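First subunit A sits with subunit B, and in the next complex the same chain sits with subunit C.
Then we have the complex of A and B:
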């Protein structure tokens, strides 16, 4: 096997990392012409990585240690790079002159980290991939604005993020102690998955390890009680960057959680299932109720991002169900929803970043008052994103919620957590209704209020283009969700089936279930 | 005669872990909090190396992981100090209680 053949499966990541070096080097140039070429170059690198993803369909990872490629990897690569292009467009004018190299280089690092998270097959690689997503975002928060709030937000984000990463890797150390190897899955030989099949997830090391690892990952996806940083960080960072903070770390966190749950055969011990159940309920309720009390739109959207993590937790708890439609598969619903969420969240923040009130970036509800008179297109885009976040047709947010909730409602009665999961979905539906209040308030300020003075449209062609794509995608994905849904569905084929393995695990310790009265 | 076994190392690492968390909660100086993070990461290293030493499997996964974690800790410290410098330029202190621009 030649070196080229060996490295071919990681061509998208390599393209990004070589691009990072180029962008960092050009960033220190003294010539303004070179520095202004950095953003277009970043776009070229992202498109190059997309081309590389399309070309490397033959994914033989035998030459690479610690990596494995399956349908989930492919799906995450496509959505991350496509969203990466939109994130770049919206962030086009964020860095001050002279900092473009650092800012866009770090953005590419973060995107490469998500791609690696999706192909990690080793606890060390998984840990490093997640850190590659997070560490650049801490620096980007500090770079995105020059005022005190940004540096405070960066410090807060860094310390809580570093702590969560340390807790997660502490959990990984117990999983290593259990299995004696850091390999997650292997067709033969030692691996975590094989160890879990042998001892089950009731071993003390397994419970402690999974508990700590999940606690660390819960921070990345902003689940209660690890959500405290989100409102402050979202408020401190520049609006376009906030769209990135709500998508890349969340996606990496959910992909890592899906991988971890696959390793333990989607058969968590009951104590951990109940813990995640309580966390999901608390996340939905906290996020929605606290969002009602805010007047700063960035903080509203931060709490809304927390509640959306709660909805996605439902799909994660339901788990993958093979062989049936997308309406039954919890993990496919999560994978679909996270794309929708990333788009509508980015759209809402892109509207905020495109507006100036008396020289300051728009932030509060009052700043948005009368937007429909001053900038009708922006107001329409904001309304589309708000309705989508609310889960109201004809927007894709509606379909996302339908898939998530129906996955829980269509669980078979034989599922050991059938009752609690249906209850969870009911709580989710009620919470969507509570959420409608503050999303409607945002839309109402845009359309029904008298405009204040000093509201001005700023930004340029590129952020406007990004915003247009985000809001159009909401409508297009509502009319034609089939392609994305089918891709999400086939991505879950590689992460196993919760029902099948649950029966297999139960069958190992009790007599075959068909002999027992149902 | 007491033999030192795996459990002793696990208790040691748990103690270091708790010390790290305690330092992070009580310190008000940003560098002090960073030291807390380093303590937590080092408890992870103790765990990995102890598990490696007492493991029945061949291979050195644990020791190699510990090396990687050390590298990561160094990289994180660099980022932390840069962010502290940034804060110092803005408010002339790295006391985290003095940062109150965000009403959280």
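Then we have the complex of A and C:
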């Protein structure tokens, strides 16, 4: 096997890596024309990576240690790179002159990290990939604004992020101690998955390892009680970057959680199931209730981001339910929802970044007052995103919530978690209603208030284009969600197949409508 | 009584199964180190004159006079130097074992087995290290251009 053959399956990641090198080197150029060409170059790199994703259909990972490719990898590659283009458009003008190289280079690093997280098949690679997502974001927060608050946010984010990474890797060490290998899945030979099939997830080492690893990952997805950093960091970072912070680390965290749960055959011990259940409830309630108390739109959206993680936890608890429609599969619902969430969240932050109030970036509800008179298109885009975040038709946020909540009903009556999950869905619906209050408040300020003075439309063509795509996608995905849903559905096929393996290993008889082991 | 006897025999069995051969040398070195340290302290205590004073109690008796606490602000440039050192140090740490294997592969044509059952030769190794080295060079060029090597 030659080096070229070996590296073919990671062509999208390699494209990004070469791009990072080029962007960093051009960023230190002394000629302004070169520096201003960096953002377009980053766009070309992202599109090149998309082309590479489309071309490398042959996903033979036999030559690559610690990597494996399946349908989930492909799905995450597509959505990350497509969202990456939108993130780039919205962030087009964020870095100050002379820092474009660092800013866009780090953005590409973070995107490459998400792609690697989706193909990691080894605990060490998984840890490295997740840190590749996180570490650049710490620096980007500091670079995004020449402001003391940005430095403060970056420092808080860094320290808490480093702590969460330590907790996560401590959990991984327990899993290694249990299995004697860091390989997550293998068709033959030693792997964590095979070990879990043997000893089950009730082993003390397994429980402690999973608990710590999940705690570390919960920080990345901002789940209560690991949510405290989110409002401060979101407030301190520039608005366009906040759209990125709400998507890339969250996606990486959820993909890693899906991988970890696949490794333990979606058969968590009851104690951990209840822990996740309580975390989901607390996340939904804390996020929504605290968002009600805020007047800063960025803080409202930060708490809303926390509550949306709570909704997605429901899908994780349900797990993959194969062979049924998209309304039943919890993991497919999560994979669908996170795309929708990333789009509507980015759209809301793009509106904020496109507005200036007396020379300062718009942040509070009062800043948005009367937006419909000053910039009607921006107000409409904000309303679409707010309604989508609320989960109101005709926006894609509605479909996302429908898939998540309906998946909670797909476990059979005999399943011990049938009742608790139905309760969880009910709590989720009640929380959506609470959330409607503050999303409607945002929309209301835009349309019903008298405009204050000094509200001005800023930005440029590219951020405007990004915003337009985000808000249009909310409508388009409501009318035609089939393609995305089907891709999400087929992406879970590979994660769900391990459930079948577990059933075969245990020799237990499980009805086909509920492939989860009891 | 019976239970205790059982546990004792279990312990004996465990001790018998462990092969101490490889650990003898390490144990000897550890014991020697402890004995040297303790011996030097005891001997010094016995033969030295007992004179106390502020100079005697200072941290570096014959060295630089100590000023201030170590927990004070340092110039940020020291951190950059430390980071650069770490970078190049790690680079060498990677290069060294690679060079050992590569030398053998290049001179004798020996190949190294990979986890997938194949094997790789010297050309593969050179390519892999080339990628690693180019990445480092990019970082080096970036640092240079950012004036990280300038003290002032």
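As a convention for this text, the second predicted complex is superposed on the first by the 496 of 518 C-alpha atoms of A that agree within 3 Å, B and C clash if a C-alpha of one lies under 4 Å from a C-alpha of the other, contacts with A are read in each partner's own complex, and residues count from 1 in each chain.
FYI, a contact is a pair of C-beta atoms (placed from the backbone, for glycine too) under 8 Å apart; a residue touches a chain by one contact, two chains touch by 3 or more.
Predicted model, so just to flag it, every value in this text is computed and none were measured.
Asker: Give one of first, second, both or neither to describe whether A:2 is in contact with subunit B, with subunit C, with both, or with none.
Answerer: A:2: touches subunit C, not subunit B.
Asker: In the overlay, answer first, second, both or neither for which of subunit B and subunit C A:170 touches.
Answerer: Only subunit B; A:170 stays clear of subunit C.
Asker: So in the superposed three-chain picture, is A:65 touching just subunit B, just subunit C, both, or none of them (first/second/both/neither)?
Answerer: second
Asker: Please work out whether A:96 is in contact with subunit B alone, subunit C alone, both, or neither, and reply first, second, both or neither.
Answerer: Neither partner.
Asker: Of the partners subunit B and subunit C, which touch A:36 in the superposed model: first, second, both, neither?
Answerer: neither
Asker: Thinking of the overlay built on chain A, is A:24 touched by subunit B (first), by subunit C (second), by both, or by neither?
Answerer: After superposition on chain A, A:24 lies in contact with subunit C alone.
Asker: Would you mind checking which one, subunit B or subunit C, touches more residues on subunit A?
Answerer: On the superposition, B touches more of the residues of subunit A.
Asker: I'd like to check the shared interface: which positions of subunit A are touched by both subunit B and subunit C across the two complexes?
Answerer: Overlap of subunit B and subunit C footprints on subunit A: empty.
Asker: What does subunit A use to touch subunit C in their complex?
Answerer: The contact residues of subunit A facing subunit C are 1-3, 21, 24-25, 28, 62-63, 65.
Asker: Across the complex, what residues on subunit B touch subunit A?
Answerer: 13, 17, 20-21, 24, 30, 33-34, 37, 40-41, 43-44, 47-48, 51, 55-57, 59, 61-62, 64-65, 68-69, 72, 75-76, 79-80, 82-84, 86-87, 89-91, 96, 99, 101-102, 104
Asker: Write out the stretch or stretches of subunit C touching subunit A in their complex.
Answerer: 114-116, 118, 120, 124, 127-128, 134-135, 138, 141-142, 145-146
Asker: Tell me, which parts of subunit A touch subunit B in their complex?
Answerer: The touching residues are 123-124, 127-128, 131, 135, 138-139, 142, 147-149, 151-156, 158-159, 162-163, 166-167, 169-170, 173-174, 176-177, 180-183, 190, 228, 231-232, 235-236.
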